[in-house]
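So, here's a batch of structures to check.
Note that chain A is present in both complexes that follow, paired respectively with chain B and with chain C.
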Partner chain A sequence: MTAPVTSGDRYAVADAPQRRWRDIALRWEVILLALLALTIIVNTIASPYFLDVFNLADATFNFSEKAIIALAMALLILVREIDLSVAAIVALAAMGVGYAAEAGFGPPVLFAVAIGIGLLCGIFNGVLVSYLNLPSIVVTIGTMSLFRGLTQVILGDQAKTKFPSDFLDLGQSYFIKMKETGLSWLFLPPVPLSFLIFLGLAVLFGLVLHRTAVGRRLFAAGSNPVAARFSGIPVARLRFILFAVSGILSGLAAALLVARLGSVRSNIGIGWELDIVTMVILGGVSIAGGVGSILGVFLAVLVLGLLTFGMSLNNIPGQVVSVYIGALLIAVIAIPRIIERIRTRSTR
Partner chain B sequence: MIVSDPILTLSGISKRFPGVRALHDVSLALKPGRVTAIIGENGAGKSTIVKILTGIYRPDEGEIRVRGEARSFASPRDAWAAGIAAIQQETVMFDELSVAENIFMGHMPTGASRLVAWPEMRERAQALLKRIDAVIPPDFKLKRLSVAQKHLVEIARALSHEAQVLIMDEPTAALSASEIDDLFRVVAQLKSEGRAIVFISHKFDEIFRIADDFICLRDGEKVGEGSIATVTQAQLVRMMVGRPVDQFFPKRDVAIGETVLTVEGLSNATEYADVSFSLRQGEILGLYGLVGAGRSEAMQGLFGITPITRGEVTLEGQKLSIAAPSDAIAAGIAYVPEDRQDQGAILSLGIRENVTLAGLTKHVKGLFLSRASEQAETRSLGRKLSVKAAHWEQRLAELSGGNQQKVVIAKWLATRPKVIVLDEPTKGIDVGSKAAVHDFIGELAGEGLAVVLITSELPEVMGLADRVIVMKEGRIVAEFKRGQWSAEAIVGAATGAGKEAA
Partner chain C sequence: MKALLRNRELVLALILVIGIAAIGAYQPAFLAWGNIRDMLTETSVLFMMALAQMVVILTRGIDLSVAANLALSGMMAALVSQYYPDVPLILMIATGIVTGLLLGMLNGALIAYLGIPPIVMTLGTLAIFRGMIIIIARGDQVNASEMGVAFQAFPKQVWLGLTSPVWIAIAVALLFWIFLGFTRAGRGLYAVGGNPVAARYCGIDQRRQDLLAYSISGAVSGLCGYLWVARYGVAYSEIASGYELTVIAACVIGGVSIGGGIGTVAGTLLGALFLGIVMTALPVMQISPFWQMAISGAVILAAVVINARAERRPDKLILPEARRLRRVTP
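Presenting the complex of A and B:
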């Protein structure tokens, strides 16, 4: 009989590592938080109108719909997939809302129509990717063309502009009204519906991803899909569900967008898919899979939203804003690599 | 045949890896116009020799001489330049390129313009293929070819470089009988042109058909050599396995209980057929066979990774229908895969996250995962398997191979299985961890688990198993009980040299 393996007690292993400030400071969320603080400070100095609760509330209109879709996109990228058809789904769902409104339906039906169309589109993507094993980047480039093309064929160059006023109210007024107390620093800020939904969904997605068994399985499937499958995780089914969720949230975003704009044309939401991917990547979700957090995506949404808003307050043209965002995104991808190189060199 | 000076000699070659002695003082001479077979069990050092000959590894000691001149290969390119070419088990070529491009990859003919001279390349490729009677259009993309045709392209590639030494590492593994005949004709022709050929195969009939000389390796040492005409199959088998196998891995005495698992007629379309066996509590069943015998495939079918076409699985009297790994896990079957890096461990996650992954639902309290419950499980299994780590959140990528393997086993024990299949559990881990894993397998059986141990290492299976099933070409060909087996009989059954060796 061989000598028994050295007893475990002599190798007491700690449950968790000792926290070191350096590790915490280099966490992506902390870097994003610093970036957010910097954005707010610079904008506050540059424009007196920036730190106004009504202006800030209005600013959220411009990114909340995309941010809602970004939550689903974050999970897809986490499991090494991508959905580039989201903006086209928005267009198709928005058109559906336009026709349903013309037929005289009220807000609940309009939202249901949008979400229903989104779900169908998501299921279509999901079947192609999960059960026919096609690469999602190719599938969703195809469905991007397909869904947008359908919208263009059906809608032509007409616009749908007849919507019930209670539906438009949901998109155009504050869902939570400003309430002041006697104290100047204590008040309930005005919050649009779309931002409120984004906040709620962000909390939900954060809990699911970081606290539940489903979330852990997503991380495993993103890190090593083969080992995940060998561990009994239904990787294909999870992917399918995520595409369906992406469709649902695109439909929801479409309804909110139509309610805000009050009109639907076939070019609605065009180019959104790349804005959404930008939010997710800046949020620290690795395109290689298995790494990311909802908090990171949430902070990235705020950074990008407030940056764009601040620049428009200062009359900086949109093209310049793109230049800035492009540079930021590249820096974001390059900096961790550079830090890593410097680290490995210094430890050698 | 005139015996002339060897083209290539190895003398006193040794190679060590951390914790493993891969080769010790091995010498070898390859003569022109002779086929030398290298034989030995899996892990005996055959692949290491090939890798040294082709410049992938550098020997720690010893000398390589090519035509009497001492050489050292710093890279595969040096070996290639010295006229040594290998035809690999799995061809490493470019599927999307043409046959001609594959033949001339790295030395394409170019004109004065430095652009590739396509017509010349095509012509020369055609000529080379014709020399070995291969009817393959040089413009075909490689992916359109069969494995046998790919081998011929590799041989043409070697000829394009006027290679004098050709190494064929299990070239017949994926070939049909008539393709093997064709290949052997080419080998005979290469012989007659005065080239030296190294032939590695597990199949004795092929060795006796094609080889002139042999060397036999065991545990990295040369244990025999000579002319193939002077030995019998039985003598070769004895040479391969001849060692006291019972010393290393002590067998625990375990009371064997009731039948837990019955597998009846398990089959899939291509890799295995009619696999039937039963397994009892506390029993360790060895599943022995050559690489490619269909052992892993059959067990993966049992576990629901790949679909089965036929077969019945009964666990504790209950008939199971297993469509996915989650069904097998729920029923109480665990499968620890051979490929630890790709199939077993999730390297970028921490130890805790790996350990609890397969049995995650157990740690859900209310809606959320309970960190405390996960930590408790990780702590107890980590200690039981003596995983060495800085802390339980440490990423698996930072652990040694042996400790990664322990974490993977811990993951499967966390599912509280009744049956555990261990697929080559000690492959590629250091000697110390190996002993720990062996000891642990005995302990598992002692706790009443039924164990299936897939291994290609004879001493491991003979040391640990209560019963051994031998698979060959997808079927069970023999079964041995402890005490009624011999190393020769087991290897004989696996290689098909059964009658002569027994």
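Presenting the complex of A and C:
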């Protein structure tokens, strides 16, 4: 029911409806928070080793690199695009790191090489999608084959395993060590570099998306690209930049992954794209565009990471874990729709 | 002449013939009947899977779970062969098809009736199906020695010069051609993909069409699951890993529009044949098999660029329009 048109105003703009308790309780982030609490409680009961600061810090190694890429993927899905080539970019960038390390370069150059290769790949995707106006799902399936194919051609069946020790230290040790800080009275948990970078980037992405004009433009471009374009928002350029960002973060993740693993093969990071898309969708970013939050993605990363870690503590094989994750993904999307359907039927 | 060149299938067929001739000139062994027969056998699963994927993409959907479905259905057929060796072969094949059909219907039902986005649903079931293989096989694999003799012999049978999987692929292709071209339900798939609103006004039930598309995709995946497992003589959780993307690639090369409503049986078959030739020609031409992935990637990109000229996305019009307006009004 719209407000009655008064004599003076041509159009009356109704106020936004009052926020009700139910709206807040059914917010995606609140559901995810409950899910996170449930995950922690169940895992703590199931295994005495779960709620241990050192174990939890170790667990972050397994998802931080993917989570870094998920931040860029969230923005891409928000504007109705997708980048399925991220894992292949990781492979190509990791290979670059392998060759650069063999040539005797130190950590700063290795990170620069990875990020540079990632950026070039991202620009390639961006040009095809934004300026040739091609559907991103098909383009990135193609570049996924191309990038990983190039890795296979160059690397063949060999592995690169020679890396400087200070580079490996970055990926394999904790960034904050309790002894070295000398602040033993202050409780500082051990945090791996990759998780620290993820936290920093999550804050940065959250601020940009939710507190700046650029963020509002992304929401506009996602919910209605045509209207956004007519409002003067450079939709194509925004998309291009997001693909470049996705490439940069994939390159960064590749450097961190290589530093952690200490070896590069052509199958490195294979299948990651689907894990990353799962993180983003579980985080409440709508595949139809225009809906989503970085907080949601952050919480989904923690839910998935801790669920996987807890199950591995209980000796559940990785592919069985993926059954639960797949079911969780479908359930969190399906259940609100079922509730909605029952509710609309009962009011009729 | 121009009209002929605009026919995408004809252009693709022409490229293929030139390519085959070039490879044959370089390495005559490639054109030997035995090699061609092997290539067709090797590609037969891709032919069928690409046609099934096309049906889904026609409705503006996508089915990422096909390869996982193939692996799970294949495992079910292999388990029947292992534990009930006396069951007739036709029932073992039926096990694969029915398993695939049920899995496809699960996708279709939730996508059609709950409105879950296809990419989300099939991404979820991709993970679930793969994991289910570990669970039902108790983490083990089924080897050639544990499968029945007839079970494994069937895909190697040769009828009239072609192996049985090729004949099955031909039959499936004919069925798809009749179904998509001459039946109400088949035309309905094009209608809901081409213009959902208009289709609704014509009285076509979008949800039933969606359910139908994913069921077809599932059933074909199940059939291919049996063929795959029986041909390679092993069933485990990782078979056909990542194959869903090869299948989608075949569709894209064949001119199927990811935006829905555009795609033909002939085009899709040619797209699959293209990938099949790339895969079999490389070893013949003594090029490292590591090139295969890079080449198919480059071909996919080329195909998308070429196909896009025929079907422009509407928001592309904004910029040229705006430019022209700026020129008219100073």
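In this text, the second predicted complex is superposed on the first by the 322 of 348 C-alpha atoms of A that agree within 3 Å, B and C clash if a C-alpha of one lies under 4 Å from a C-alpha of the other, contacts with A are read in each partner's own complex, and residues count from 1 in each chain.
Note that a residue touches a chain if its C-beta (ideal position, glycine included) is under 8 Å from a C-beta of that chain, and two chains touch if they have at least 3 such contacts.
Nothing here was measured: the structure is a model prediction, and the numbers come from that model.
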| item | value |
| --- | --- |
| Which of chain B and chain C A:229 touches, first, second, both or neither | both |
| Which partner reaches more residues of chain A (counting touched residues only), chain B or chain C | C |
| Touching partner for A:337 - first (chain B), second (chain C), both, neither | second |
| First (chain B), second (chain C), both or neither touched by A:146 | second |
| Contacts of A:135 with chain B and chain C, given as first, second, both or neither | second |
| Interface residues of chain A shared between complexes with chain B and chain C | 226, 229-230 |
| In the complex with chain A, residue positions of chain C that touch it | 62, 64, 110, 114-117, 119-121, 123-128, 130-135, 139, 237, 241-242, 245, 248-249, 252, 258-259, 288, 290-298, 300-301, 304-305, 308, 312-316, 318-319 |
| Touching residues on chain B, where the partner in the complex is chain A | 250, 252, 305, 324-326, 328-329, 335, 337, 342-349, 353, 356-358, 360-361, 363-364, 367-369, 375, 379, 382-384, 386-394, 411, 435-436, 438-440 |
| Contact footprint of chain B on chain A as seen in their complex | 1-2, 4-9, 11, 13-17, 207, 211-213, 216-217, 219-220, 223-224, 226-234, 290-291 |
| Residue ranges of chain A in contact with chain C within the complex | 82, 84, 128, 132-135, 137-139, 141-150, 152-153, 156-157, 225-226, 229-230, 235-236, 266, 270-271, 274, 277-278, 281, 287-288, 317, 319-323, 325-327, 329-330, 333-334, 337-338, 341 |
